[in-house]
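Listed next: structures, encoded as structure tokens.
Here chain A shows up in two complexes: once beside chain B, once beside chain C.
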Partner chain A sequence: MSLNHSLKLEIPFQTAAQANIAKQVLLPDPILKPQDFQVDYTTTDNVLVVGFQSIDDRVLRVGVSSVIDSIKTIVETIDELGPETKELQSL
Partner chain B sequence: MLHPTATYSLPDIEPTRFVVNPAEARFQTTDGKTTGASPHVLNAGQVDRDKPSEPRRTATGEMTPLGQLRANLTGLQDDINEFLTHRMELAKGKKD
Partner chain C sequence: MVNLNTVRPKNGRDYYIALGLEGSANKLGVGVLKHPLLPQHEDGDLSFNCHAEILANVRDTYITPPGEGFLPRDTARHHKNWCIRLIKQALKEASIVNPSLDIDVICFTKGPGMGAPLHSVAIAARTCSLLWEVPLIGVNHCVGHIEMGREITKAVNPVVLYVSGGNTQVIAYSEKRYRIFGETLDIAIGNCLDRFARTLRIPNAPSPGYNIEQLAKRCANKETLLELPYTVKGMDLSMSGILAYIDSLAKDLFRGNKKNKTLFDPKTGEQKVTVEDLCYSLQENLFAMLVEITERAMAHVNSNQVLIVGGVGCNVRLQEMMQMMCEDRANGQVHATDERFCIDNGVMIAQAGLLQYRMGDVVKDLKETVVTQKFRTDEVYVAWRE
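And then the complex of A and B:
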């Protein structure tokens, strides 16, 4: 079966550095069944772009929701521990 | 800050785009409908210890930009999960 079910997720961060941090955190996550599901991460300026390809909607749903959970954790961590917004504006 | 978006596509069908509507309540919370413990488990008396924290807020009570992003992602995740679950049910109906 081909990986013809796809979803593209675009997430704008406050800065390109934050988008890049998110990409670097997500990249090491192994894909357990690459023959059934694949993910690629890229950044364009401050936007993290996540591309998913899957053999069907069920596998896509599990994979996409899992990656979004990870991204939410990354966003929360940056929000709690990263520079304040006003500091970012001066960078 | 802009809002996250998603686009679902499959050969031979029109792509489906998911967008955030900040006025809707589901884009203002980190407690999603399709994530976390099921109502069945919660009604049985279990405590959801993994419940997500509230979005971070400024001293004036507004969500921080990243808190807003996390809430937006939660609503978008719900929309995508419901859409794909519906498609799975349709596919199952075709097989039965």
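And then the complex of A and C:
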């Protein structure tokens, strides 16, 4: 079966450095079933581009939602704990 | 020669600061730990005495209703929701204003544990590391327990009994590894207690078996023990059969199945056994098995110290029984910690991670930070001991 179900997500960050951090954090984790599902991460300027390919809609949906969950954690970490955060300085 | 000062603290400080992140099961813990830079650590086997100072130790537990266990996906969601908040709280308690300058290393649990919860904490750890440009280190959860136990109790070279919801192991140090002398062949002791608690519909918080311990204390008939399978297999244990058997007893008790002669008097139909009796007998039986294999390991490695770690390690009755065994041995000593350190926490990950870091171990490629559900205690090279 071919990986003919695909989705492309574009997530804009505040800076290119942040987008790059997100890419580096997401890259290391292996895909459990590479024959059914694949992901590639790239960045263009401040945008993180995530491309998904999968054998069917169901596998695609499950895979995409897990990556989105991870991205949410990354965004929250950058927001709350990044060096730009003024709040941390005043804690 | 062990030189714990191989890597110096950052920015010319005379102390190290480590941030520890733990999330291998239903507890999410964040800890901040400080080690002073001491000249005696240049040369000497002193990893049990780092003069560690705990600057913060915060924890949030994912609690499920009585009768239910925690599932990986829901636990991972809990950790994702709370992780950043807990890190902020820990940094605040530790008065860390600028993590990039003030933290030497970020330590996180690499395994063993549940995949999804481990992964969600690892994502946060990687992001913090890149944001703050602070090195990362992956820690074996069991080694975290051992090193924290040694630091708190100052036990130099104990036989370690590691008993928790996911693990049951008897461990002793030899030739740069924590070797496993005996372990469970099926389920962990905490899992056995937790699942019995689920049958009884009592909660599992704060630590595995805690509520069973409370019920067992109220057992009125401590003289007669229910006969349960005693399943020590050489140096190993098996607990699933015991669980299945006591579960069936509990179910018969609730159903009022008078045919069960163990529970009811066959003539009068009078109930002979209470839930408290079941809890008491289960504990006595399981702990006796643990004490037996621990004693054998002590004899084998010629040690007179036992260190009990892991969530079930806060059980006072287990500590008592171990004490009785040790009193019969020359200079026998039992070391145990309280719930702050027995139950999974971030500080223990910081302690083990900081020891690794001080010996020059550090993540060079983020590929090394992929979490793993199976990660045996003896896979870790213990560079910080002679």
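The rule is simple: the second predicted complex is superposed on the first by the 84 of 91 C-alpha atoms of A that agree within 3 Å, B and C clash if a C-alpha of one lies under 4 Å from a C-alpha of the other, contacts with A are read in each partner's own complex, and residues count from 1 in each chain.
Going forward, a residue touches a chain if its C-beta (ideal position, glycine included) is under 8 Å from a C-beta of that chain, and two chains touch if they have at least 3 such contacts.
Everything quoted here is computed from the prediction, not taken from an experiment.
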Does chain C touch more residues of chain A than chain B does, or is it the other way round? B
When the two structures are overlaid on chain A, which partner does A:Asp29 contact: first (chain B), second (chain C), both, or neither? second
Touching partner for A:Ile68 - first (chain B), second (chain C), both, neither: first
Kindly classify A:Pro83 by the partners it touches after superposition: chain B alone (first), chain C alone (second), both, or neither? second
Touching partner for A:Asp57 - first (chain B), second (chain C), both, neither: first
Looking at A:Ile11, would you say it contacts chain B, chain C, both, or neither? Reply first, second, both or neither. first
For chain A, which residues lie in the overlap of the chain B contacts and the chain C contacts? 69, 72, 76, 78, 80, 82
Help me check something: in the complex, which residues belonging to chain B touch chain A? 1-11, 30, 34-35, 52-53, 56, 64-67, 69-70, 73-74, 76-77, 80-81, 84-85, 87-88, 91
Residue ranges of chain A touching chain C (in the complex, touch as defined): 21-22, 24-25, 27-30, 69-70, 72-74, 76-78, 80-83, 88-89, 91
Which positions of chain A touch chain B when the two form their complex? 4-14, 56-58, 60-61, 64-65, 68-69, 71-72, 75-76, 78-80, 82, 85
For the complex, which residues does chain C have touching chain A? 80, 83-84, 87-88, 91-92, 97-100, 119-120, 123-124, 126-128, 130-132, 366-367, 369-370
